[in-house]
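Structures given as structure tokens follow.
You will see two complexes here that share chain A, one where it goes with chain B and one where it goes with chain C.
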Partner chain A sequence: MTAPAPTSPAIASAVAGGGPRRRVSWQRRERWIGLAAVTPALLLVLGFMIYPVGYALYISFHKTNGVTFEYIGFGNYTKLLADPLLHKVFGTNLLFLIAVPVVIFAAIVCSVLLYERVRGWKFFRVLFFVPNVLSTAVIGLMFKTLFSYNGPVNAVIQAFGGEPVDFFAGAGTAIFVIVLALVWSGFGYQSLILLSALSSINPEIFEAAALDGAGWWRRLWSVTLPNIKRVIVLVSILNVLYTFTSLFGFIFVMTAGGPGYDTTTLDYLIYSLAFSSSRLGEGSALAVMVFLFIGALTLIQLRFFRSAED
Partner chain B sequence: MKLTRIGAVLAITALALGAAACSPGDDSGKTTLTIWDPGLLTKKTDDGSVADNSFLHAAVAEFEKRNEDVSVEIVTLSGDIPKDAAQFQAASIAGNGPDIRIGYTGGNTVDYAEFLEDLDGTFSDETMTDLTGWNTVREGYDDTGALLGLPYGGGSYFYVFYNKELAEEAGLDLSTPPATWEDLLALGEQALGKTDAVPFWTPNQEGYVGAWVVAALVGGQLGSTAFTDMYNGEIDLTDPAMVKAYEAFGELYALGLTNPDAGSLGNGEQLPGFVQGKGIFMVSGAWENAALEEAMGENAGVFPIPMLAGSDFPNAVAGGPNVSISVTNYSKQKELAEEFLNFLAEPSTIDQYVELFQVEPSNSATADVSVITNYYLKEEATFVAEADAVVYPFDNVMPQSVIDLFYRLNATVFTGQTSPEDAVEQLQDAYDAETVG
Partner chain C sequence: MSGTSITLARRARLPIFLGLALIAVSIAYPVLYLAFAAFRTKADYLANPFGLPSEWTFQNFIVLWNNYDMGRALLNSVIVVSAGLVLQMMVAIVAGYALARLPVPGARTINATFVSVMLVPSQVLIIPIYLLLSRLGLVGSLPGLILVYVATGLPFAVFFLTAAFGGVDRAILEAARVDGAGFWRSLFSVATPMAAPGIATLGVLQFLGMWNELLFAYILLPNDQLRLLTPALAQIGGRFTSDQPLVSAGLIVTALFPMLLLAFASKYVMSGLAASFGR
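Right after this comes the complex of A and B.
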């Protein structure tokens, strides 16, 4: 038990009702203004997030095509969990996680170089951010063209005496191209997040390390990275989430989930189930499962990083 | 405070004006009909503008002339069957799809019965007797099912087209078309390396070429009702005929007779590549007729996809009524939409379609056959007339989700990533899930 903190006479008198009325009415008014200020955001969240999520949950317990509804309890969930296609697609999604360390590594390298103001750093800072102003569809089409059978990449391979590769005809090569597109489109933004973290480190720490004789690598490992560890954790979590929820655009434009289902990801499967067939209930059930999975994964990551920090 | 109020009034006025400007209503007070077409009845030029022979645009202009208070808006979709189907379903669930939907006959229409108006009673007895193909757009494919669309055109069938000059250069004698699929492959092997072109130009990323070949080869073995029997559960989708057809189709790629990027080249490359002389043969359908004649004149030949040796129906052709025109049950202009369908169903309007497109004959008994001028369409008419079985294809009959899987599997069986046995098992599971589960 802690003792109550001593109250200042002014506050005490105000609380006791002895203070000027104007102050109380202003506080009440301030509360209403605050409430009014958050109301639009609250309505947006309720309307565009909580209602759709709740409705998706409701649909997931039904056999439905969006028009007729038949309650089947956990039927959609059990059916999906036993479906070999879902297992395969989940495995494919795990493969796309390869992109996460690659993006983070590229982002760290770039952010450190930008922080150290290498020659042309202002130009590179803009250049790295360019992919973020392009839509996923544009990036997807760009990579599809680059890696097409008669595209520039194969032209280079042939120029060096190699055989052209049909990148989108096989699972491994198609996933490789999508991962490449993912890394290219994502590392610039992550670099800027890391750069802002680097900028918040006290420069005197670097100066002290330099005075102590620490070289560039030593400073990177012993000063820079430990100081931005929390931001790296954030970037990692965001990237893992992104890999499970935001590949749809790339897949839709580049491979349509093919060949076969080899590049189909969970979000693309949700779309296929819900709209390509009359299995909206199964699509919703899968969306709910992915939502729960991502939530659990985020908690596990946070716990893991916290224990590593301890 | 006064200023704030004035500002608020101005903002609300601006918003109201903006909303009015964005509203779907027609300024002229005309009633608007919206039609979605995946490129089946419309044509565009390379630069994206409406082509002179775009039938639907011509028909709409005539309809608008007859009904001055009506404005018809045509929305052209991507042409990618699964994507367009998904788009229609999503819009229909939201209730903001079109008044009239143009799609494919069979599963592509029947599968969306929940969103389509039953058109029984819409057409006169005279029209019902005059036109053929009604059962391809009825639920259950029989006379008792709800009528979900207007079947348009006499049907498109699947053929092998060949470049006459390249065939001659490769030393192929095609004065008589190959009698069997095996003979066709032998011709391909004979032509290998003789010209700069590959024997079979095959963009099969979406699996469409596979759909046409498998339809023909299974039809040759099982006859006209092959796929309707599968749909009704009388024949399993794992039937050996399906496996044999898949094996035969996969041989094209396995023997190196196609372009090496067949697995990743989209259907949009089909005709341009063939016209550019990239392949001696091309498996496609009558929908290429007009563009083919325009690009190559009579320098290409055509014959039906030959059947497997020993098939019970050696002269089968695969294909059938292709275009279905439906009215959505959430349309606010149902009567007007049905009036438009009746206008389209007039024999003279169908004649106009045949004349402009030259891809299929009319499905009207009172059609004017003189409007058929296309060299290939004339040739094809004799094949259909002489066929011992006309097979309504898999991807017209089955539920949409099974069709989507079928396309995916056609692509991977072709490149050897999925075995034919595995493919038919997957199809059976998908069919069971759709019809039983």
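Right after this comes the complex of A and C.
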């Protein structure tokens, strides 16, 4: 992620021509115009993103109902960290990490198949993208409908002589369905990312390997996968982050955190603390902790990845 | 990039095609299943969940329209998303062009700020933004949500357009300037048309983000008359799961715009989502 360097003043003024004095005043004008052009965006981001982050920190150190604020130091943090509910929710969140290897595996399979560019691969590529343009609320409800008590999945189970399963009544089955929804929604996009990594491998490497007598599977193991290792790791890191920040939509429409708190994740707990129990201070403290946690996790994963590279 | 891979043995083509077809079915089947269910009566659906509708009915859509105000929710979504998109694109085009092509003081710091706030998850923002907007009297008003959507999407939009305008040939902009074109004229008559594919890609991407957003839309518009489509659907789905054809109809209505976009602008959708990788 690199942004292009700002226009070099030397080049700009050289092209502009005119005498030295005119050049200076013209350049000053350009700087002012540039600053004025960036100002609306800066103000909006300051007001609605940077200030709220600071405000979230402020709220997290207070006991508040939204109107009055009473400073209690780290009170919200210590209270949360001692709460068995948070430990349980954190554990549940870790359980959702099961989805990560499954998504990665599916994405690798999918991208390797697409890479061969058999007939119709462009159509498949667009089709695999469908889950990505849909809201998590839509995908969650799709799976909720498919796995509901009188839904099609249970109809199939019954057709084979089984008892219908109430998927959302137990923690294990509910998490299973949510993980399935996560995998379904995620692998298409990630296979496209892997496909673009595959496409940047020099095809001559494959041709050389083929000439040396390496079969399709051998090429997959010895050429393809090692060459996209970097991107696979990057995609894994993003998946882990996603599991800690983006489950809200699924949980909200599928289980509302239940039964009990069995499918409540960290991001859903922030919502329910703040907007169902009006514990805004604790909600903010949890949001800050999750933010710090995923930040630390990213750094650790990146460092681990770099040391594994060497 | 177009022909079949050279190293692929001819006899391996069929298994690979079948593998892809299998994955395609696992994506398409659930969507088509629900699309068909939406046009069935509840009795017909319960009698045989599989199979085609025995008679096609629009009853589910009519009920959604009349009893659950889905039409109003659709209208609200269209208002919020189109206003938010236009405002955001205008602000981002001006800022992105300036950052890419004008000597903005502190440009490096500004870019770094935009990139780092892109990483802030919405869970961190929702509580302070809720309190902020309620103090401004903007909770439960469409302009409040529009403002939030514009602002939270801006860092990525500006970042993306800075890169897009960075690809516009500098010599052409200089030529325009020598001919006497000022800031607005250079931007809208020269730079914007040249960066049009990037702008279209960003527009598609931000449209999807706003259309599909749930948390802010649900919290910041608590009153029923101002519900947007996605939270309205979430509520219907939460309450009426036993009426699967009805929920399916709601799913189809909500998913229709994004699907049409993918069908007719797949190039922009896919390049946009690839660019937002790691956002």
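The rule we apply is simple: the second predicted complex is superposed on the first by the 261 of 310 C-alpha atoms of A that agree within 3 Å, B and C clash if a C-alpha of one lies under 4 Å from a C-alpha of the other, contacts with A are read in each partner's own complex, and residues count from 1 in each chain.
Criterion: a residue touches a chain if its C-beta (ideal position, glycine included) is under 8 Å from a C-beta of that chain, and two chains touch if they have at least 3 such contacts.
Predicted model, so just to flag it, every value in this text is computed and none were measured.
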Partner chain in contact with A:G170 - chain B first, chain C second, else both or neither: first
Per-residue contact with chain A, leading partner among chain C and chain B: C
Chain B versus chain C as contact partner of A:G260, first or second or both or neither: first
First, second, both or neither for A:L94, with chain B first and chain C second: neither
Partner chain in contact with A:S148 - chain B first, chain C second, else both or neither: both
Touched partner set for A:Y271, first chain B, second chain C, both or neither: both
First (chain B), second (chain C), both or neither touched by A:L302: neither
Contacts of A:L280 with chain B and chain C, given as first, second, both or neither: both
First, second, both or neither for A:A137, with chain B first and chain C second: second
Which of chain B and chain C A:L225 touches, first, second, both or neither: neither
Overlap of the chain B and chain C footprints on chain A, listed as residue numbers: 66, 148, 150, 256, 271, 274-275, 280
Residue ranges of chain A in contact with chain B within the complex: 65-68, 79, 148-150, 164, 166-171, 256-262, 271-272, 274-280
Touching residues on chain A, where the partner in the complex is chain C: 1, 3-9, 12, 15-16, 27, 30-31, 33-35, 37-38, 40-42, 44-45, 47-53, 55-56, 59, 66, 106, 109-110, 113-121, 124-138, 140-146, 148, 150-152, 155, 184, 188-189, 192-193, 196, 199, 203, 206-207, 209-210, 216, 219, 234, 238, 245-246, 248-249, 252-253, 256, 267, 270-271, 274-275, 280, 283-284, 287-288, 290-291, 294-295
Chain A partner contacts - residues on chain C that touch it in the complex: 1-9, 12-13, 16-17, 19-21, 23-24, 26-28, 30-31, 33-34, 37, 46, 49-50, 91-92, 94-95, 97-105, 107-108, 110-111, 113-115, 117, 119-121, 123-132, 134, 147-148, 150-152, 154-155, 158-159, 162-163, 166, 174, 177, 183, 208, 211-215, 218-219, 230-231, 233-234, 237-238, 241-242, 244, 247-248, 250-251, 254-255, 258-259, 261-262, 266, 269-270, 273-274, 277-278
Partner chain A, residues of chain B touching it in the complex: 80, 82-83, 85-87, 89-90, 92-93, 111, 114-115, 205-206, 260-265, 399-401, 404, 408-409, 411-412, 415, 417-418, 434, 437
